[in-house]
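Below you'll find the structures, each written out as structure tokens.
There are two complexes below, and they share subunit A, which is joined by subunit B in the first and by subunit C in the second.
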Partner chain A sequence: MTRVRELLVRATNPTATVFVLLVLVFAGVFAMNPGFFEGPSLMAFLKQAAPLVILAAGQYFVIVSGNFDLSVGALVGAQVVIAARLIDGEESRTVPVLIVMALFGIAVGLVNGLITTALKVQSFITTLGMLLVLYGAIRLWTGGAPTGSLSEAFRTPGRLGIENVPVLGQIPWALLIMIAVGAGSVLLMRTRFGRILMAAGDNERAAALSGARVGTARTIAFILSGLSATVAGVLIGGFAGVSAQVGDGLEFTVITAVVLGGVVLGGGRGSVLAAMAGALVIEALFTLFNQMALPSTLRPAVQGAIIIAAVAYAARRRTRPVPTTATATPTPS
Partner chain B sequence: MTLLAMRGIDKAFLGVPVLSSVDLTVEPGEVHALVGENGAGKSTLMKILAGVHTADAGTIELGGRAVSFTHPLQAQQAGVASVFQEFNLLPELTVAENVHLGREPRRRGMIDRRAMAERTAAVLADLGVDDLPPQAKVGSLSVAHQQITEIAKALSQGADLICMDEPTAALADAEVELLYGLIGRLRERGVAVLYVSHRLKEIFDLCDRITVLKDGRLVDSVATADITPDDLVAKMVGRRIEAQFPERLPGTEPGEVRLKVAGGGNAWIDGIDLEVRAGEIVGLAGLQGSGRTEIAEAVFGIAPFTRGSLEVDGKPMRITKPRKAIAAGIALVTEDRKAQGLALWQSVRANARMVLDANARVHSRRRLARVSELLAGLDLVARGEDQEVRFLSGGNQQKVVVAKWLAAEPGVIVLDEPTRGIDVGAKHKLYTVIRELAAEGLAVLLIASELIEVIGLADRIVVLHDGRIAGELPAGATEQQVMAYATGRGPE
Partner chain C sequence: MTRRPGADRLGTTALIYLALAGVLAAGAVATAIDGGNLFATANLVDMLTRTSLTGFLAIGMTLVILCRSLDLSVGYTAALSSLVAATTMDGQVANIPLAVAAVLLVSGLVGAFNGAVTAYLGVNPFITTLGTGLIIKGYLDTQYKGPAGDVPALFQQFGYTRIGPVPVSALVMLALAAAAVWFLRSTRTGHHMYAVGGDVEVARMSGIRTGRTLMWAHVLCGMTAGVAGLLLAARFGTGSAEAYTNLYELDAIAAVVLGGTLLLGGKGGVAGTVAGVAILAVLDTVFNVMQIDPFAKDVLRGVVIITAVAIYARRQLDRTARRPRFAEGRAS
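Showing the complex of A and B:
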């Protein structure tokens, strides 16, 4: 009996819930379309999902440290436009432009971080402002329609992969990059930096009194988010081509994904792996909608419902009595 | 007739028993103490009585009538009021509005403010409180006055039984006196009080009967007159703690000066001259607001000294933030462990290594490897190092905080109210640890509101008054001597 209960407690833990959800949604997809799990179509799905998963990892760092980053969607759009304009079809410019984009991503994260930590502006406002600034700047710079074009080399990571692999067909570069980002993020959270980031989101005061540089750690989280938006921009640009609208609304999709992964808004709780799994659930859900021939205009409404439901679910868990075991002293008040 | 009879109360959370067949009877007008270590089940029993939790088994009779509460409002209507550690008051409303919340007197459909104020004033007068205007906004009141507002609210609802959970935890000494008076008046009116506290002195000062719980079971229920404090402690911890304060360890002699403050001052404190030697425990005593915590915060760089000089191990230092204090080998166990000491949702391990993680200058593999050993040495009771600290009892949480600082191997450790709100067993363990730290050559600066603690542990006592040092007393000083300085009267 106790074992069943314990299992139940574990399965309803928000971090574990997302993996249960992932299985359920995949089961739904499989029921609609048994062919989905054949190598090539699965690879195509993962290639498409990779940018959101990478963005989720970046957003995770910011959220777990106690902030938000609403500027990532606009940053993705800006990066694609910058790439097209600067490369302008010249293969030889690919690497220098990638470097410029990385620096731009870092700069946006740094500005977000410094305004939030040094000027004490709430990150919600800082990054909302940044979103508008980037959005406006793109429109101003491009006059509405982006100019220039991407090089073949630039488009490779988003489009191509290791070809002619048995069973799978193509292993997309995007998938490998996603795995690398995921592994890097998991490792990063196990370092001293990761633990301080977590502690800062949980109890800023306790972390600071323990000597942690809370502001620095949070600023680095924004920079990581800016970098993840840069990588996502490269993949999305390669996959979908140049348009000023590519990033629109992505910030909400990615926050939905992270929250669905059981990462608590306000910080200090949740795992980066679960956040990335949350992104996969969202992508799989959209696939399911496609298969059910539901209009894609339904997506924002579904995302909104998911955000509210996930946060409500987490809040409900927090107000329930604290489960303890007999060996530990039960908490009194 | 018996006012309250709870019999055979069982309660489990998610299959874990917290109370098993507990009995509790309270007579009208009785002040009844409910004591036990943290986790003994006191709060749960109170919450069942208040209708916050529902018992799994057992009966509750109130004034001879069987009752069963599933909601706090039902308990309130039946005459059971609770004053929990966190108040249920609306800070933006006045005292009168809070007292009558949900039961406002009406006149022609409108709230009758005058009647409300008059009735509140009458209740307060009944309680002998004359310095609390009914029109004052609750958010602007002191903790003591908020507590009085809660009690007035309970009385005006016609409560026969008021449950108080650690009511003095946040009160200054003078305010505790006020509460004593208040409880006396409640008793005269035939209102019973169920009193939960860790402070033995209060229990013996105030209570008629004592019910002892341990590990969710009833140990005993005795008249206060029939038990000594030592026997009560023995019942609470299930064993006898021989002496409340451990003896100084052999071979502990004050060595070199490790912390020296000369003429230290800032906006809150002034003219602080203080020396703490290796192996020495210096107690800082004083009333609330006398500058005890401010000295700790200045030494640790939270609110630094703006005047005077500070030396650590003979080297002059300018400590302007906690990082610098840590690098200089200073540790601070803060007063409020939940708000300032712990990341509650993180594991025991993550918390215990937080100082090492956060400070490259004190981080080392060797120190990291010692963390588990430190936790075990403090007798930490937890399911494992992966358990989140929010699940631990107050005493065990405090042990994690202490471990986190000891991991950095400091030379000077400042302990601000290290035993606040923790159970007797954990207190005793911490006292022993403090002695051991001194024996290892640390300089210990100990701040405590409970004078017995400072007197029982410190080698020297520095008494503060109004932000300045009022006097210094040797080990073995009496409470009267300390209080004479603390209240600014000078030496006895």
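Showing the complex of A and C:
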């Protein structure tokens, strides 16, 4: 009996809520379409979901350290356009362009981080400004519509995978990249850097007084977010092709995903796995909407209602002024 | 307690008006080099017309940001309001008062929902208002495929009439701003907003009903978005769901922050916000007169916003460093 209660308590903590939600949404999808859980269609789902999950991991670092990154959507769009313009269909340019993109992602993250930490501009404003700059600059550079095209090699990670696997059919490269990013993120959060990041979000002053380089850690978080947008850009570009609009509004979807994962805006609480699961929930929700043939115009409304309800549910415990739970250390994993 | 923020604010507000004068001067020089005149009547009208819409939204946004909250749904609320206004008026002059009342009611209810979910369910306002915005977007997209309703010519005057170079809508915006300044400085709820934004726990322990204060801020913010919707309806002559695509909420937030109000709440005021709105309007007009590429405009805007806030932040560095509440755990 006590074990059941313990399980219930664990299931209702904000981090676990997202996994319960994931099961619920998947159950809904399964009820609508039992065939969804057969290998190939599940793999197709994961391939499509991978970019958002990877972005969620990057955004997690920024949010948990007490900031926002609103520029990721614009950065994803920028990366896709940059890739198309620079590669311009030439296979041999794939690797150099990938390096350029990674450097660009790092540079954007570095600028975001330095303006936020060294100039003390609120990250909301820094990254909002960066969003405007990237949005305008990319369209200015291409004259409104993206030009050029991607190479086959560039599109491979987003489109293809290991073929002819029994049961599953194809294991997409995107899924493997997603798993690698997830594993890397979990490991990173267990290092000294991860702990400093969490401490910086929880109590900046205490972290600084205990000798942590809060500014450096936060800047690195922004760089990781920039890199995640780069990886997501490669996958989305490969999967969906070239369009300057691919990233529009993505920043809000990603932040929603991270918050659904029980990560608290303002920092200091939440796990990266839960944040990535939050992204999976959102993608699964979109799949569910598809299965239900919900009119596309109505989807935002349902999405909005679910987000508010889920976060309100997760916030229910935190709102009570119980000091023991308020100071509890965030669950690792 | 209530005097000191007032004294501080004066200094910051003066600085922002100086910045506005600086932007005006720089804009005038830039346009003069380009062969134009920033202070030609047409340009002045353009500038002032631009202030009113963002102004309405930014006034309400100032109230919620002062309470350490945020409203990302104002663009959607304004679009919804424009439709409510246009469909209720339906071309009849007699329906105007009813339509205005309906708009204020609907937008106030949206604000009340935002406030209630944020204050009583403990949902972060970023998520609450993003969700509300999505819900309204879903409703608008489903219900209205195109423009709807008809605004009588009399009400369209609100969008177009000018007294000299000054549009009526800008005057209404300034009057509303003056009312908001009075509200924040002289009413109990206004003072409570600073207290709640400063530190919610301390405010609660001092006997302030923090939830109710936050509700008020959100309701008023919703209603100013409703007024913005009325202006949209008057300008377009019809209700338009498409209005939300312009991301007015980000403009409004940028104006508030440019106006020296801290995103962390508890500090700032509407007087600064008006200057912030004016700075953005001057920039837009200058870009227009100089015929700068629209995409370059976005880049310049982004750079100006970051630079301005970085300059304010420099001034506040010492003060913020000593303020304990930034080091406290966040309540939301």
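Methods note: the second predicted complex is superposed on the first by the 296 of 333 C-alpha atoms of A that agree within 3 Å, B and C clash if a C-alpha of one lies under 4 Å from a C-alpha of the other, contacts with A are read in each partner's own complex, and residues count from 1 in each chain.
Note that contacts are C-beta pairs under 8 Å (C-beta built on N, C-alpha and C of every residue); 3 or more make two chains touch, one makes a residue touch a chain.
If you're wondering where the values come from, they're calculated on a predicted model, not measured in any experiment.
Student: Who contacts more of subunit A, subunit B or subunit C?
Tutor: The partner with more contacted residues on subunit A is C.
Student: Just checking: does A:L128 make contact with subunit B only, subunit C only, both, or neither of them? Give me first, second, both or neither.
Tutor: Second partner only.
Student: Touching A:V302, do we find subunit B (first), subunit C (second), both, or neither?
Tutor: A:V302 sits against subunit C, while subunit B stays out of touch.
Student: So, does A:A315 touch the first partner subunit B, the second partner subunit C, both, or neither?
Tutor: In the superposition, A:A315 touches subunit C alone.
Student: After superposition on the shared chain, which partner residues are touched by A:G28: those of subunit B (first), subunit C (second), both, or neither?
Tutor: neither
Student: Does the superposition put A:A212 against subunit B (first), subunit C (second), both, or neither?
Tutor: After superposing on A, A:A212 lies in contact with subunit B but is clear of subunit C.
Student: Let me test your reading of the model: by the given contact rule, A:G241 touches which partner, first (subunit B), second (subunit C), both or neither?
Tutor: After superposing on A, A:G241 lies clear of both subunit B and subunit C.
Student: Regarding the shared-chain residue A:G268, is it in contact with subunit B (first), subunit C (second), both, or neither?
Tutor: Both partners.
Student: Quick check on the superposed pair: does A:G148 touch subunit B, subunit C, both, or neither? Answer first, second, both or neither.
Tutor: Once the two structures are laid over each other on A, A:G148 reaches no partner at all.
Student: With the two complexes superposed on chain A, say which partner A:R192 touches: subunit B (first), subunit C (second), both, or neither.
Tutor: A:R192 contacts subunit B only, not subunit C.
Student: Identify the overlap between the subunit B-contacting and the subunit C-contacting residues of subunit A.
Tutor: Subunit A residues touching both partners: 202-203, 205-206, 268, 326.
Student: Can you name the residues of subunit C that touch subunit A in the complex?
Tutor: 117, 121-124, 126-128, 130-139, 141-142, 250, 253-254, 257, 263-264, 293-303, 305-306, 309-310, 313-314, 316-317, 320, 324, 326-330, 332
Student: Please name which positions on subunit A make contact with subunit B in the complex.
Tutor: Residue list for subunit A touching subunit B: 1-2, 5, 9, 192, 195-196, 198-199, 202-203, 205-213, 268-269, 321-333.
Student: Subunit A touches which residues of subunit B in the complex?
Tutor: Spelled out, the residues of subunit B in touch with subunit A are 13-18, 37-44, 53, 84-85, 165, 216, 300, 302, 322-323, 326-327, 332, 334, 339-346, 350-351, 353-359, 362-363, 381-383, 387, 390-396, 404.
Student: In the complex, go through subunit A and note every residue touching subunit C.
Tutor: 115, 119-122, 124-126, 128-133, 135-137, 139-140, 144, 202-206, 252, 255-256, 259, 264-268, 295, 297-305, 307-308, 311-312, 315-316, 318-319, 326
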